[in-house]
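When the chains are written out, they are named A, B, C and D in that same order, and each has its own residue count from 1.
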Amino acid sequence: MIKVGVVGGTGYTGVELLRLLAAHPGVALQAVTSRGEAGRHVADLFPNLRGHLDLVFTPPDASDLHACDLVFFATPNGTAMQLVPGLLAAGVKVIDLAADFRLRDPDEWEHWYGMPHACPELLAEAVYGLPEVNREAIRAARLVANPGCYPTAVQLGFLPLLEQGLVDPGNLIADTKSGVSGAGRKAAVGTLLAEASENMKAYGVAGHRHQPEIRQGLRAATRQPVELTFVPHLTPMIRGIHATLYARLTATGEDLQSLFEQRYADEPFVDVMPLGAHPETRSVRGANHCRLAVHRPRDGHTVVVLSVIDNLVKGAAGQAVQNMNLMFGLDETAGLAAAALLP
Amino acid sequence: MIKVGVVGGTGYTGVELLRLLAAHPGVALQAVTSRGEAGRHVADLFPNLRGHLDLVFTPPDASDLHACDLVFFATPNGTAMQLVPGLLAAGVKVIDLAADFRLRDPDEWEHWYGMPHACPELLAEAVYGLPEVNREAIRAARLVANPGCYPTAVQLGFLPLLEQGLVDPGNLIADTKSGVSGAGRKAAVGTLLAEASENMKAYGVAGHRHQPEIRQGLRAATRQPVELTFVPHLTPMIRGIHATLYARLTATGEDLQSLFEQRYADEPFVDVMPLGAHPETRSVRGANHCRLAVHRPRDGHTVVVLSVIDNLVKGAAGQAVQNMNLMFGLDETAGLAAAALLP
Amino acid sequence: MIKVGVVGGTGYTGVELLRLLAAHPGVALQAVTSRGEAGRHVADLFPNLRGHLDLVFTPPDASDLHACDLVFFATPNGTAMQLVPGLLAAGVKVIDLAADFRLRDPDEWEHWYGMPHACPELLAEAVYGLPEVNREAIRAARLVANPGCYPTAVQLGFLPLLEQGLVDPGNLIADTKSGVSGAGRKAAVGTLLAEASENMKAYGVAGHRHQPEIRQGLRAATRQPVELTFVPHLTPMIRGIHATLYARLTATGEDLQSLFEQRYADEPFVDVMPLGAHPETRSVRGANHCRLAVHRPRDGHTVVVLSVIDNLVKGAAGQAVQNMNLMFGLDETAGLAAAALLP
Amino acid sequence: MIKVGVVGGTGYTGVELLRLLAAHPGVALQAVTSRGEAGRHVADLFPNLRGHLDLVFTPPDASDLHACDLVFFATPNGTAMQLVPGLLAAGVKVIDLAADFRLRDPDEWEHWYGMPHACPELLAEAVYGLPEVNREAIRAARLVANPGCYPTAVQLGFLPLLEQGLVDPGNLIADTKSGVSGAGRKAAVGTLLAEASENMKAYGVAGHRHQPEIRQGLRAATRQPVELTFVPHLTPMIRGIHATLYARLTATGEDLQSLFEQRYADEPFVDVMPLGAHPETRSVRGANHCRLAVHRPRDGHTVVVLSVIDNLVKGAAGQAVQNMNLMFGLDETAGLAAAALLP
C-alpha cells in the first residue's frame, strides 16, 4: 500500500482526489491537511465522503507528510514550491496539481503567476504529467507537474496533427468551454449560480495562464514556433471541458481518422470516437477519459477537433492518480475504472 | 458469476443499471434487450459505457433470457407482468424496476395503472424490495418488486416514527421534490430543458401512483389507517429526490435522533445525519445511500424529516442491485461502494 | 415625475428595482448610492442597464437623498433604520426592502436580527407593504416596510382560508422553495453554481427570520394563535419562489375555488388559476404576479395551496414599485405591466 | 394600429413574438393560428400571457389572415412559402421568421432544406431582414425574410471587418454556442433537461443550414469568395447565443475598436462594449440588443470578436418586430425598449 498525503484538500480538485483515493485499492491515505479546516472531519465538509473516509484535517506543517511515500498538492499556485524541496529531500515523491512546476522557464512562470519561483532548480527535473506524452519519464519521476485542465484537453486534441506535421503551427485556435468548478471552491460573485447559470461568456481573451502551458507542450511536439489563439468560456454547468480546436491543413489526402486512432490505440484513457461523432462532456463526467472526434467540414482547409474531458478528473485528480499509478508501478488504470455518470 | 439479463435497457433506470452491473464483480451480463434499438451497440446509445460494456441490444423475445439466473425489467409499467410467469417457470429469478408487482391489491393496481393485471396470482408472492423492511424475504424471493423512487425516500423517513407509534398516522404530509430524470428518457415537451430549467412546479396533486404504494408500506408499519397527503414537485436538476416529511407527534419527550440512529444502525445504505443537519441531494448523486435528518422546529408538535436519495440509484437501479446481492447471497454492498460525485 | 433615490443598488433587489424604475413612466431617478461602488457607472456593474440608465453610484451620505420625494432602501438589514428618521424628518417618504420595519415588536426584531432596533418608535407607524391587505394604509403611509419574499408568497396563499376561519391556525405548514437569488449577490461558497446547481436542500429548519414575519401577518388575519411550520429549500434556479401550503380544514362543503377567486377578484397582481392547475414559477419570471391554485386531494381534510412569485419582483422590487404607485396616487400597475419571460 | 396576425404561435419564437406584440403600443393582434391547438386559449398554453392576451388559437386557413395588414410566420420551414403568395396578392405584408425566404438561390435552398421551393419567383423580392444592413430596403418591403439566430450574431460581428477588407475572407471561423430554446418547443430526447443540462457538445459540424445563410451575407459584404468554418454548440441554458469569431488580419495598425464603434454608432440595438470587455448572454436576456467586443490577443494576427444576442429576441421575434416597425413607419424601437432581465 502506498502511503499517501494530500496537502490542501478543501477545494474541488481536493475532494475529487479524496473520492478517488478513498476507493483506490493500492492506497493508504495517511493525512489530509488544511490550515483553515484543521480539526474538522473531512466528511463534515464533503458529505459525499461520509462512510468512505474517516480522517480529520490536520495542519499542513504536520510532520506526518514526511512519513508518506507520496504527497499530492491540491493547493493554490505558489504553495507547493515552498514545501517540495523538503519533501524530496526526505525521500517523498510529489505530484503537484497546481501550476508550480508546469512551465520550464522560471521567467515565464514569474510573468504569468506574479511571483518569483521558489525553487527554479527543480523545474528541469519536474516531469510534465501527461502520460500520453511522457509516460516513461513519469514512471521514473520524483516530482510530477500535473497538467492543467484546458492544457490536457487541448494538447490531446492537437498532438496527432502537430506530431505528423499536418497543420500550420502558426495558426492554431482553441475555443474552450469549461464548467464553473474550474474556477475552484472559493467565495466569489462571478461564479454564483445566480450569475453564472443561464449565461455564457468568454473570459481572459487577452491572456490566460494556460496559454503558455499549452504552447510549451505543442512546441515540443512540433519543434517549430507555435501561434495559438486561446479563448476560454465560462459555461453554465459544474463539470466538463469541451475544447473545439481549429487548424489549417498543410497537407491533403491524409486519413485523419486513422491518424488519431493509431496515435491513441494503446491509450487506456483516450477514446477516439467514430467519424462524424460529437463527443459530449457528460460522457466523461466523473471518468478519467478524454473523448475525441476529428472533422474536416466540407473537405476544406480547416480541420476541427472536438475534445472533451472532466476537468476535475482527467483534467486534475484522475490524471494525478494515473500518474501515481505509473510512478509506483501499479496498473495504470487502478482506481480509475469507473464509467461516467449519465444522465 | 450470476448470469444476468436486462429487459428494456434504453431508459435512465436502464443505463444506470448497466453502469452498475458492468462494474459489479459478481455479474456476467448476458443480454440487454430493446425492441426499438435491437442490433445497435449499447455504448452507441450511452457513450459513457464506451469501453465498459461490449454488448448489442437484442430483441426482447430472444430465448437467451431463459438462460439467465436473473432478469431485471427496466421497462414501462405493464411489460414485466407479461413475461414474468414464463421466466419464473423456467427457473429464472426476476427483479422488476417498474410498478407491476408493487401493489398487493390487483384492483388498486388496475385503478392506478389503467389496465387489468396480467398475473394477479403472483402479487402475493412478490416481495417488495425495500431491504430495510423486508431483507429476509428478499433473500428468499424469486420475484422482487423494486420500490418506486418517491416511495423509497418517503418510507425510510417515516418508518421509524410509525413503527414506534410516535406520530398520528391520520395526518402525514410528504412534500417531495424530484429531478427530471424521474420522468424518464422519452421525448416530451414538459421535461425539455427549455421548459423545466429555471422553473419549479408541483404536479399530480390530485393523485399520483406513488401515493398508494407509500400508503401500503406505511400501513404495514403502523397497522392503522394512514392518511397521507403527497405532493410531488418537478425540480430543475437531473438526479435526486428530496422528501420533506411532516407528522404530528402524539408523544413528547422522545429522543427522535436516537430513535432514527438505532433504527438504521446496521443499515449499510441509510445514513442518519447529525442533529440539525440538512442533507443535500448531491451528497448521494450516483450513490446508493439515503441520508436522513430529523428536526423538531421550536420544540413544537410537528416533526420534520428530511430524506434524500438519488432517484436512479437507491430509488431504482442501485436498490435493484442491492436486492440482487441479497437474493444471491453476495455481500449486500457488492458493486455499490462508490461515493457520490461531488461537486 | 416622482424624484426617487435608491440606497444600496448593488444587490439583486437593487438591480431589479433599477430595471423597473428606469422604465417607469412616472419616475425620475435622481441618485443610486453605494459605498463600495461610488464613482462607478451603474451600467458597468449591471450591463443589462447599458443604454437604459446613465447614472453613477454616489456615496450613501450624499445630501441628494434629501432632495428626493421617495427613497428606496435595498440595503442589508439594519441599514435603513439608521437613516430613515432623518429622511422622514426632511419630508422624504421611504420604502424599505429590507426587514428593518417589518416586525412590530422591537424585542422580536432584536431576537431575530441580532441587534437592537435603532428607532423602535417608528415601528408602529410603518405600514407593512402587502397591498392585498393594507392598500389604504399604504396610500397614506410615509414609511412602508416592503414584505419579504417568502412572506409574500405564503401569506397570499393562506389568507383567504384564515380570514374565513376555514382551517386550523394551530397546524399550518409552509414548504417553500426558492431560487438562489434570494440569498443575494454576495460572495459565498454555498450559492456557487458548483455547489447549488444539480442540488436540492432544506435550510434553516430550526428557525428562519421569515417565520415570525409570516406568523405576524397570519395572526392578524385570523385573530387566533398561529402555529406555523416553515421549511425553506434552496432550489437550483435563479429566480422564483414556489410555496406549497398545507392546512387542515375545520369545515367541509366550502367551495374553496370560489373563495379564492372572490378574495382576489379585484387584485391586479394575484391570479387564481383554474381548478386543478399547477402554477409554475417561470410563469411569473420578471413579472409582478402571484399565481395561486387550490387543491383538496382526494377530498380529504388537508387543503393544499400552491403559490408562486418571482422573489425579486412581487417578492421585492416589483412590490416596492406597486407600493410607490399607491403612495403617490399613480395607477397601481404603472411600470409593472410586463408579462413574464417564458421560456 | 397595425392589424397583425401570427401563423404558428405555439413554438418559442411564437410565444416570444406574442409577448412582444401584446405589449406593443401600435399593434392590434387579430389572430393567432395553430392547427394543433385551435380552440384553445393562448394563455392556457403559455401561462405567462394570462392577463396579457385574450385570444384563442384559430385554424391557419381562417380567412381573417387576409384582413390583416401584416402576418408573421413562426412556423416550421416550408410552411410560409405555401401561403405567402396568396397573402401578398391580397395586399398583406409578411415577415417570415422561418428560413423560407432567406437564401436567394432556390437550388441552394432545396439542397439545405430538402424540398423544392414553392415560390422561387419571390426570392428576389424578399428582403433579408437585418436592419443594420438592409434598413431602407426593409422599409419598402412587402416580404421580409427574418434572419436566423446564429446568422444575426455572426454577421453583426464579422461585417465591420469584411466591409473594410481588413481580414482574409478565405479563413473565417465562427464558434457559436446556443441555448436549447434554439432547438424549438418540440418533444425530443436530445433537448430534455436530463440530456442537455450539465452537458456541452458540438453538433452539425459537417454542415448546418445557417452556414450558407451566413456565407451569403458575408459574401455580399466583402464581394469576395468566403470560406467559413461554422461550429455550433448546444449549451445548457434556455436562451442566448454567444458567437466567438476568429479572422486573420490582412492589415495591421487599424484601430479595430473605433472601426466597430463607428460602424454601429447609429444603431439602436447594437452595443459595442468597451475595449477588453467580455459580453455575457444574460446581459441581453429578453432584450433586442446585440452586444459586441473586439479583441486582438497579444497583438497577433488573429482578431477575436465576441457577439451575444438573445436567440429568441434579436435572433427571432424581436428582430421581426424591429422589421415591422420599419415596414410601417413606426419608431424602430417601439415595443422593444425593455432592458434585459438580470439576474
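As a convention for this text, a residue touches a chain if its C-beta (ideal position, glycine included) is under 8 Å from a C-beta of that chain, and two chains touch if they have at least 3 such contacts.
Source: prediction; values computed, not measured.
Undergrad: Please work out which of C-D and B-D is bridged by more C-beta pairs in contact, and write that pair.
TA: It is C-D, judged by the count of C-beta pairs in contact.
Undergrad: How many Å are there between the centre of chain A and the centre of chain D, using C-alpha atoms for each centre?
TA: Centres of chain A and chain D (C-alpha means) sit 39 Å apart.
Undergrad: Based only on mean CA positions, could you tell me how far chain C sits from chain D in angstrom?
TA: Those two chain centres are 36 Å apart.
Undergrad: If you average the CA atoms of chain B and of chain D, how many Å lie between those two points?
TA: 45
Undergrad: At which residue positions does chain C touch at least two other chains?
TA: Answer for chain C, listing residues that touch two or more other chains: 12, 179, 181, 185, 194-195, 197-198, 236-239, 279-280, 282, 285, 343.
Undergrad: Connecting every touching chain pair, does the picture come out as line, ring, star, complete or other?
TA: complete
Undergrad: If we count contacts the way the header does, which residues on chain A are in touch with chain D in the complex?
TA: My answer: residues 171, 173, 175, 177, 179, 194-195, 197-203, 205-207, 227, 229-231, 233, 235-240, 242, 244, 246, 248, 276, 278-282, 285, 295, 297-298, 300-302, 304, 306, 308, 343.
Undergrad: Quick check: in the complex, which residue numbers of chain B touch chain D?
TA: Contacts found on chain B: 12, 179-181, 183, 185-189, 191-198, 236-238.
Undergrad: For chain B, which residues are in contact with chain A within the complex?
TA: Touch residues, chain B against chain A: 12, 15, 19, 22-23, 46-53, 181, 185, 197-198, 238-239, 271, 273, 279-280, 282-287, 289, 291, 312, 337-343.
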